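Next up is a structure, given as structure tokens.
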């Protein structure tokens, strides 16, 4: 999906920042800084630098952002995983920044190094069937075939994919956030990414022709239902049938 | 029957009768409804509910009928002794022995009959042998061989530089992509200096290392690669393997490392196997060490 | 004769005429009447076996239907039906026929789901029934043989459930099949041979689906049906056990005659059970194989669990520490302990229990009166402890799902389970033991008002029985202390309180 305006803003900011040393070289007077770039820097300093460093090269509390690129910044910020509010694995929550601020920060982080750009992805150009085949081959091992997520070691987890937006999915594939491996263009080309995105979006609202989905978690809720509802109802039936009335005559 | 007093007011017989009528009528309606739903294309939830109602209606009707309108007199039956009377047992034993004596008096014939039946029984077992091949060396070998290229599911060969850092790729030996025991994980770490014993450094190609994808516990594909921690996690029983240290197990029930595959590069720069895995892949078996 | 004369003569009904036809040739009138008059003690807990039986009937009926559509073939094909996400995808014929059943056969999905729900409820009902038999001591002489038949039925039910869901050749069941293969492989000396013969080679082999098909629709159902007939025949021949109560002794059966009431009630239970299964079949999605995808040996999904009745085995595999035995170039691989030894011990103990208990209590008398669980604190405690042990194993089987659901480290969950496997059964057993004693002593306490009979009991004095206030429906009150009866051997029975 295209978003021309934020790209324009981002490009201007990136250009401004790239030309900064040239523009400001040798001058002691107050420089004319485009307001968007300044705002982006301020956002970064306030929200990110304490862990990622003022120059984005990392501290002992957070990694360098040189290779993150716009894709990683967009992924982490738009899913609310960054800024971190706790020490464990970043988790999806409401984003701390609005869409415009995310654009600014994304561009700023992109300017810090040479990481991948936010991928443009149109799910409708992907193949649902191929997406399913690829998803089950590459993604289901961690995220489960139904996309409900899965456990990793030592408290980590692969998150459920129920709320993921198309660009977030594509960005995650290209960035390999956290424990997720990185899928570069040689392993998944753009068309395959679009297919996977299409399939993940399909899973989010997949039809359940058999009735209640039971959480998509397989045999565990199924066993629970079998015992509580199936066996429970049958037990109730046996108790009802076996109930005796008093005053029975001997015959 | 007159209503009986008690803590709970019980339905009168008229109410019970009406309840049965209602249940059975509901059942009939549900049955007809089911026919309609089916004829008009079917829908799983409606089919299930209507079938259920038609069955439950009959069930409820029958139970109320039995409880309210059928005799519920208590009856008694004597238990006869289960064992037979001694004289019956004696008579049976005597009868049996008489016949046994008649048959068994010809010792040689009895022996030969036993021998014949025994041999026949043995022979009948042999077709079981035709069910499958002898285990042989199949469990000890895979489709990997020196010089064989490693290809992806799309049957394309791989160059080590094509794998991104923190990337993982599943590959098979070229020409043997259908062999279930040959699936292999190619992993690229940040730098080759990270590898430690017991990983064989001579078997890596720079920062790219290859291990069997099949867990050494019960053979599930070890599909979870935790890139940050360089751990391979098997989703079946949570066996965990350290990629940097020869994929040795660090948690879970697996007792052996994932066998490493010796890697090389051919003339065109594609990754090849330079031999088979360092040991039998997948789950263990009795004589695996031989 | 003319019509008018026939009407006056009251011609025998069609049923009567058919009956005569059969009886003239087989002479069954006497046997038939005896059967109709047979007495069955009526307690709700005696109906649990019937729930299992009726679930099995549903399995047979729905299973026969499914057999007309399912193709047990591992040949490669592509799906071209109405489920869009799999159209054009390569898969085996077996998986394709399962997807077609679910989407392209009208009412096929309900049949498939009813079949699967019936299977899980079938095993659950057998377990509940087994528990009832265990906790009431109904397995004691002369019913040890029937106990053995029953445990075999449980084993066969679990086995057929496994082969059944493995037939579909989807990713989830294929993963389970690989695990089963590895477990069999771990058997010493013959493991590699058995797997090679069963699978026709190395995993997955070209034949396993067809072979499972034969086992699932022919061999095991035939065995189950045969054993069921034996099981029911023995119950009829030995007569059902009964709880203690007024007029109930070791040498009689008090209850309801089969005809008409018991038969109608039993039929009612049949319809109720099948109705419950039909509701589940339509309203609760089970085993959505189209989401799991066709089986690929190099792929796997997170959150892979088998059906509940295999869950304890799965849990044991996960909880087991990384032990294996290696000596002289041979090894006992790790899956052997959880996958072969544990089930072997489980079922071995189950089979042996009636004989073990008889030896431990030195009680070899015939018993037709049942214990209440509280009468046998030790047996009850052991049973509860065992159930608790397997409950913890079930939890272990879902360790990864538990971890993600509750935000825990799966490693810590496994460690907690390893500890719980020792602690929880002991605690549960002790609690059960305590509860038994408390309940039993409460029953034996004299009531506050000396003129009232003991709580929960009818007085055995016939004079006072007539004046007793009527009880509402509920479980038949049991007299306490139990009347002393004399067994066949002429000795009083062993003391009812265990230890």
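A, B and C label the chains in the order they appear, each numbered from 1.
What we mean here is this: a contact is a pair of C-beta atoms (placed from the backbone, for glycine too) under 8 Å apart; a residue touches a chain by one contact, two chains touch by 3 or more.
If you're wondering where the values come from, they're calculated on a predicted model, not measured in any experiment.
K.L.:
Using CA atom means as chain centres, which chain is nearest the centre of all the protein shown?
P.N.:
B
K.L.:
Can you name the chain that lies farthest from subunit C, using the mean of each chain's Cα atoms as its centre?
P.N.:
Of all the other chains, the one whose centre lies farthest from subunit C is A.
K.L.:
How far is the middle of subunit B from the middle of subunit C, if each middle is the mean of its Cα atoms, in Å?
P.N.:
Here subunit B and subunit C have centroids separated by 19 Å.
K.L.:
In angstrom, rounded to a whole number, how far apart do the mean CA points of subunit A and subunit C lie?
P.N.:
44
K.L.:
Where the centres are mean C-alpha positions, what is the separation of subunit A from subunit B, in Å?
P.N.:
Computed from C-alpha means, the inter-chain centre distance equals 33 Å.
K.L.:
Got the subunit A residues that touch at least 2 other chains?
P.N.:
Expected reply: 137, 140-142, 150-154, 158, 209-211, 237, 240-241, 243-247, 250.
K.L.:
In subunit B, what residues contact two or more other chains?
P.N.:
4, 6, 44-45, 48, 59, 63, 67, 71-76, 170, 221, 223-224, 235, 238, 251
K.L.:
Going by the touch rule set out above, which residues of subunit C reach two or more other chains?
P.N.:
Touching at least two other chains: 109, 113, 247, 265, 268-269, 272-273, 276, 280, 282-283, 298-304, 399-400, 410-411, 470, 472.
K.L.:
For the complex, which residues does subunit A have touching subunit C?
P.N.:
128-129, 132-133, 136-137, 140-146, 148-155, 157-158, 199, 202-203, 206, 208-214, 216-220, 222-223, 225-227, 229-231, 233-235, 237-247, 250
K.L.:
In the complex of these two chains, what residues of subunit B are touching subunit C?
P.N.:
Those residues of subunit B that touch subunit C are 4-8, 38, 41-42, 44-49, 51-63, 65-67, 70-79, 81-82, 128-129, 131-135, 138-139, 170, 172, 180-181, 183, 213, 217-221, 223-224, 235-239, 249, 251-255, 282-290.
K.L.:
Can you list the residues on subunit C that touch subunit B in the complex?
P.N.:
37-39, 106-107, 109-110, 113-114, 142, 175, 178-179, 181-183, 185-189, 191-193, 195-205, 238-239, 247, 250-257, 260-262, 264-265, 267-276, 278-283, 297-304, 314, 317-318, 320-324, 326, 329-335, 338-339, 366, 368, 399-400, 410-411, 414, 470, 472, 488
K.L.:
Which stretch or stretches of subunit B touch subunit A in the complex?
P.N.:
Listed in rising order, the residues are 4, 6, 44-45, 48, 59, 63, 67, 71-76, 152-153, 158, 162-170, 221, 223-229, 231, 233, 235, 238, 240, 251.
K.L.:
So in the complex, the part of subunit C that touches subunit A is made up of which residues?
P.N.:
Going by the criterion above, the answer is residues 42-48, 50-51, 84-89, 102-103, 109, 113, 117, 120-121, 124-125, 128, 171-172, 247, 265, 268-269, 272-273, 276-277, 280, 282-288, 291-293, 296, 298-308, 311, 394, 397-401, 403-404, 407-412, 470-476.
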